[in-house]
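Consider the two complexes below, in which subunit A is the common component and subunit B and subunit C are the respective partners.
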Partner chain A sequence: MPDTMQSDAAQPAVEEPNIPMPMLAARNVCVSYSGKQALFDIALDIPQNQVTALIGPSGCGKSTFLRCINRMNDVIDGCVTSGSIILDGRNILDASEDVVRLRQKVGMVFQKPNPFPKSIYENIAYGPRIHGLANDKAELDEIVEVSLERAGLWQEVKDRLDQPGTGLSGGQQQRLCIARAIAVSPDVVLMDEPCSALDPIATARIEELIDELREKFTIVIVTHSMQQAARVSTQTAFFHLGNLVEVGDTEKIFTNPEDPRTNGYITGRFG
Partner chain B sequence: MSGLFLSILIVVLAAAAFWLGRNKALGAVGGNLRDLHSLPGYYGYFSAIWCGLPALLIVVAWSALDGTIIETMVLAGLPTAADGLSDGELSLFITNVQNLVTGNIVANPSAEVVAAANHYRHLQSLSDWGMTVIALGLAIAGLAYARRAIVPNLRSRESVEKVVLMVMIGASAVAILTTIGIVMSLLFESHRFFQQVPVGDFLFGLQWSPQTAIRADQVGSSGAFGAVPVFAGTILITVIAMLVAVPIGLLSAIYLSEYAGPKVRAFAKPGLEILAGIPTVVYGFFAALTIAPLIRGWGEGLGLDVSSESALAAGLVMGLMIIPFVSSLSDDVISAVPGALRDGSYALGSTKSETITRVVLPAALPGIFGAVLLAVSRAIGETMIVVMAAGLAANLTANPFQAVTTVTVQIATILVGDQEFDSPKTLSAFALGLLLFIVTLMLNVVALMVVRKYREKYD
Partner chain C sequence: MPTDAHIVKSFTAELDRLTTMIAEMGGHVEAAIADATTALRRRDSDLANRVIEADRTIDQLEAQVSAHVVRMLALRQPMATDLRTIVAALKIAGDLERAGDYAKNIAKRTLILNQSPVTGPVSGIANLSQMVSAMLREVLDAYLAGDSKVAEASRARDEVVDAAHTGLFRELLTYMMEDPSTITACTHMVFIAKNLERIGDHATNIAENLVFQVRGEHLEDRHAVSGPGSES
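What follows is the complex of A and B.
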């Protein structure tokens, strides 16, 4: 796969938000499923310690793009990805990239909470164990506590860490999954519609959490809720039919979009 | 008129009733379907059911019972000479009479037999006529009733569906009643056995040699009915079989569900199913003629004393037979683990093998456990392989190179051929069967409970 970063650095479609070095820089990302192209030449910078929201109608490719960032598309048969996404100076889309190491750096939270059928403690300890992040039990306990604390779940579950994670409520399960993702100390956390299976109260709780997590992690979130994108993100990217139509500061996208399609979508005229 | 011909006639009548009922309903509303409560077909079924069902039931019940009733009546009508006859002589007498009636040759029938046969014939023709008249009468009465009952707002759909429901309940009852019947026959025969052999001796006795002496001075045929060595043999062979089947079946299930591409799957799945389709008798040849001599040869090479009907040979082949059972059930269970769990694990940076061993298998474990238990009860009940490859001598041993016998082998050998059903030797087969049934029933119940609990978790 050629490194195309140089030639595309000047591509005008990317509007640099007013922040320093991007954490992730995507260029020329194309994805096709069994020959049917789903993403066309995406170029997008994800700024560090910010929340980037990916919005757009169903089937626009925003989830596909999200899943490129931790190579989760590899699991899908017939999925071909080209282009480059630079993280820490390495093209993570390159075939030689070790996906195990990549996914330790780029965690993911899914649409539906998917705790393992294990205890709450084991759910969190799973990642640190497989990556050998703790030298002894005390260290592992520490990681579990800190992760749950950061996910705002510690107070609720500290007395029942040995109970199954599947026994928690939907919102708690999703926070458990967030805690599980941040337990391996990733740089980036991807969230694929993390609130779509939750009630409004649990959703509000997760949104608060996203805001707090921003200090430590770079977050990319796919959402169908325009309000949610407006509330939690600092940068918003609008996808349509596999193309990145517009990207910019959230405030600007929602108040003064340049592209008529963006305007149409955020005002609810289509999608 | 014979029962079969009568039944056909009733079915034809019912078909006519369907047509009549349908037309009656249509005629009653002048062809305007909206004025009918149900679709016209239901009125047809309604009158067909009224016409056919009671009549057919009568024919079936009559045919089932008339033989016994006629026999009783013939016997009751016999002159007093028959009074002194024993049960056996009576049944011989009736057989002779029946043979005469059906036209078989009976050597020198006595005057009594001929008289009884004539009586029998007379009663039979009376019964046939009675059945015909009553059944046809019922059919026509039903048809007439249905025709009169059909009015536009008759709720015929509800009646028809009620009958269909009854038929379905009847169908389910057949399975349940059969089970009850089998258990009952086991219980009664076992009860007779336990009248002759104490339960404690049977359950805890360490000697099994079911030959009973015909003469008092016969040697070595004391008749010992201790089931322990027989069950120990079953357990030994089952353990060997599971040691073969569980690892191989489970690993192939993991490979098939997690690693194999669609091409390999398309080839390997049917391959495994062919293994499941081989008749057990063929496995029996294979065990007795190929595996057993092979093991014996190896054992001799290593200086071991291996019996030519070793538990090992039978167990190994039984294990092979069960592999598809374990692998196909485990494959289903593993595939049923939600993909979201795998995604969650991959997204944390775990490799495929870590995901399988730490997430997928623990999640599938209850289901796999259930599959293994079902396989165990299959292995315990398996007969043909052990009949051919395991021995008959009831050795109480844990040595897989020795010959052992199993419960199923004993039952089969005891009941093969002509038997006297009053000796404890024959009856012991039922006691063994009962115990075996209880064991496999418990295994199945536990397995189903575990599997059900597992299902609840993800649905």
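What follows is the complex of A and C.
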């Protein structure tokens, strides 16, 4: 890629005086899998306490980008990442970055609910315990209760905390996973298609939850549902063929996008 | 009109159907204005009655557009250009329905005028009617072509229409002062002129909705000075 294009790509999201510092600032992020480039010079700011939706057709790179944010791509053989993502003044893509510490600051919720095959209590308590966030049982109990409360699950499970998390319904399991993710007090919560395995009611609960969680956390969500992106997010980024085509206020993207490719995708005209 | 088709072909077909319905409504409204004016000029009560009768078709078409829009909003959950096209169509149908009502009002007043021996300055009304019809035709052609450039031109034209309406109003006042026996007839003519002027406003609204549909922008509200008298 020629140098001129690199500098172009780095430009669009540079801080302007009236915009607060973003929670995450990605610049020149390139990812390739075994030599095949999957992301090209992504420059994207993720604002604090906002919900950023990443949309785009399958294979556009949105999940790849999401997985960069907590270095999930590290485990894939042949995956090479370059560029920078600044969180708390540190480039989290730097080889010296402590990935365990990073994943405490950046939690993740996956497409299919994946509770540990342990009790509901242990599902939540595991993370805070290994990160040493609680000094005693009482503090741990409180973290479990607050996390489940925030995930809107407390009332439903408070009398059966010792039962297996896998025994809950799909929607409850997903909320358990969200509670687990937020139990370690992350700055950012990543969600990769968190509702695709859920029915509309459970989906609505998760969406309501996302809206509430925004007060405490910065959320990045990948979704194939345009309606979901429109409902839950404040900022939307459209990816196509590994490029970030357009990013802007969700309302603007879904009513009057600038780029014809964005319009084509969200109106279902993509050839 | 969006140029390229949806992956789901029936969605494109439904949007096309919406445009067709608007075009059909527009055709009926243009005919109603022309016929109402002809009925006035020729003192043709049969034609006036047909205009009144034909307004039902326009109302029915508007109801069909509304139902179609509600259905598309519910079933297609349209976004971006599609959403704007659908919302604009709903509003444009509303404007056309109102324009049709004004044509019907003109026909109704024509029936009354035809019962009295005197009629005021009909040629002024016919001129105003022609200006307004041309304006509406231009806007509807632009709608079918998806051309938003018409909006500014339409606003300029509307100012000319407003000026013509004001002139006509003064002319009618002069008639009434000179010959009080024309007051009844001329008062009806004042309302007819006002109806035509209002049709011009609706044509401008349509042009503005077209701008919203094509460019996603709301033009700034214009505070056009309306002529004297009011009838909604």
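Operating definition for what follows: the second predicted complex is superposed on the first by the 253 of 271 C-alpha atoms of A that agree within 3 Å, B and C clash if a C-alpha of one lies under 4 Å from a C-alpha of the other, contacts with A are read in each partner's own complex, and residues count from 1 in each chain.
In this text, a residue touches a chain if its C-beta (ideal position, glycine included) is under 8 Å from a C-beta of that chain, and two chains touch if they have at least 3 such contacts.
Predicted, not measured: the structure shown is a model, and the values here were computed from it.
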Clash-or-fit label for the pair subunit B, subunit C on subunit A: fit
Touching partner for A:V184 - first (subunit B), second (subunit C), both, neither: first
If touched residues of subunit A are counted for subunit B and for subunit C, the larger one: B
Touching partner for A:P117 - first (subunit B), second (subunit C), both, neither: first
Which superposed partner A:G152 touches (first subunit B, second subunit C, both, neither): neither
Partner chain(s) touched by A:G61 [first = subunit B, second = subunit C, both, neither]: neither
Which superposed partner A:M108 touches (first subunit B, second subunit C, both, neither): first
Touched partner set for A:G83, first subunit B, second subunit C, both or neither: neither
Touching partner for A:P257 - first (subunit B), second (subunit C), both, neither: second
Least C-alpha distance (whole Å) that remains between subunit C and subunit B when both complexes are overlaid: 33
Doubly contacted subunit A residues - partners subunit C and subunit B: none
Residues of subunit A that touch subunit B when the two form their complex: 70, 72, 75, 99-104, 107-108, 110, 112, 114-118, 126-127, 130-131, 166, 177, 180-181, 184
Of all residues in subunit B, those that touch subunit A in their complex: 338, 340-351, 354, 358-359, 362-363, 457
Residues of subunit C defined as touching subunit A within the complex: 2, 4-8, 11, 77-84, 216-217
Interfacial residue positions of subunit A with respect to subunit C in the complex: 226-227, 230, 253-257, 262-264, 266-271
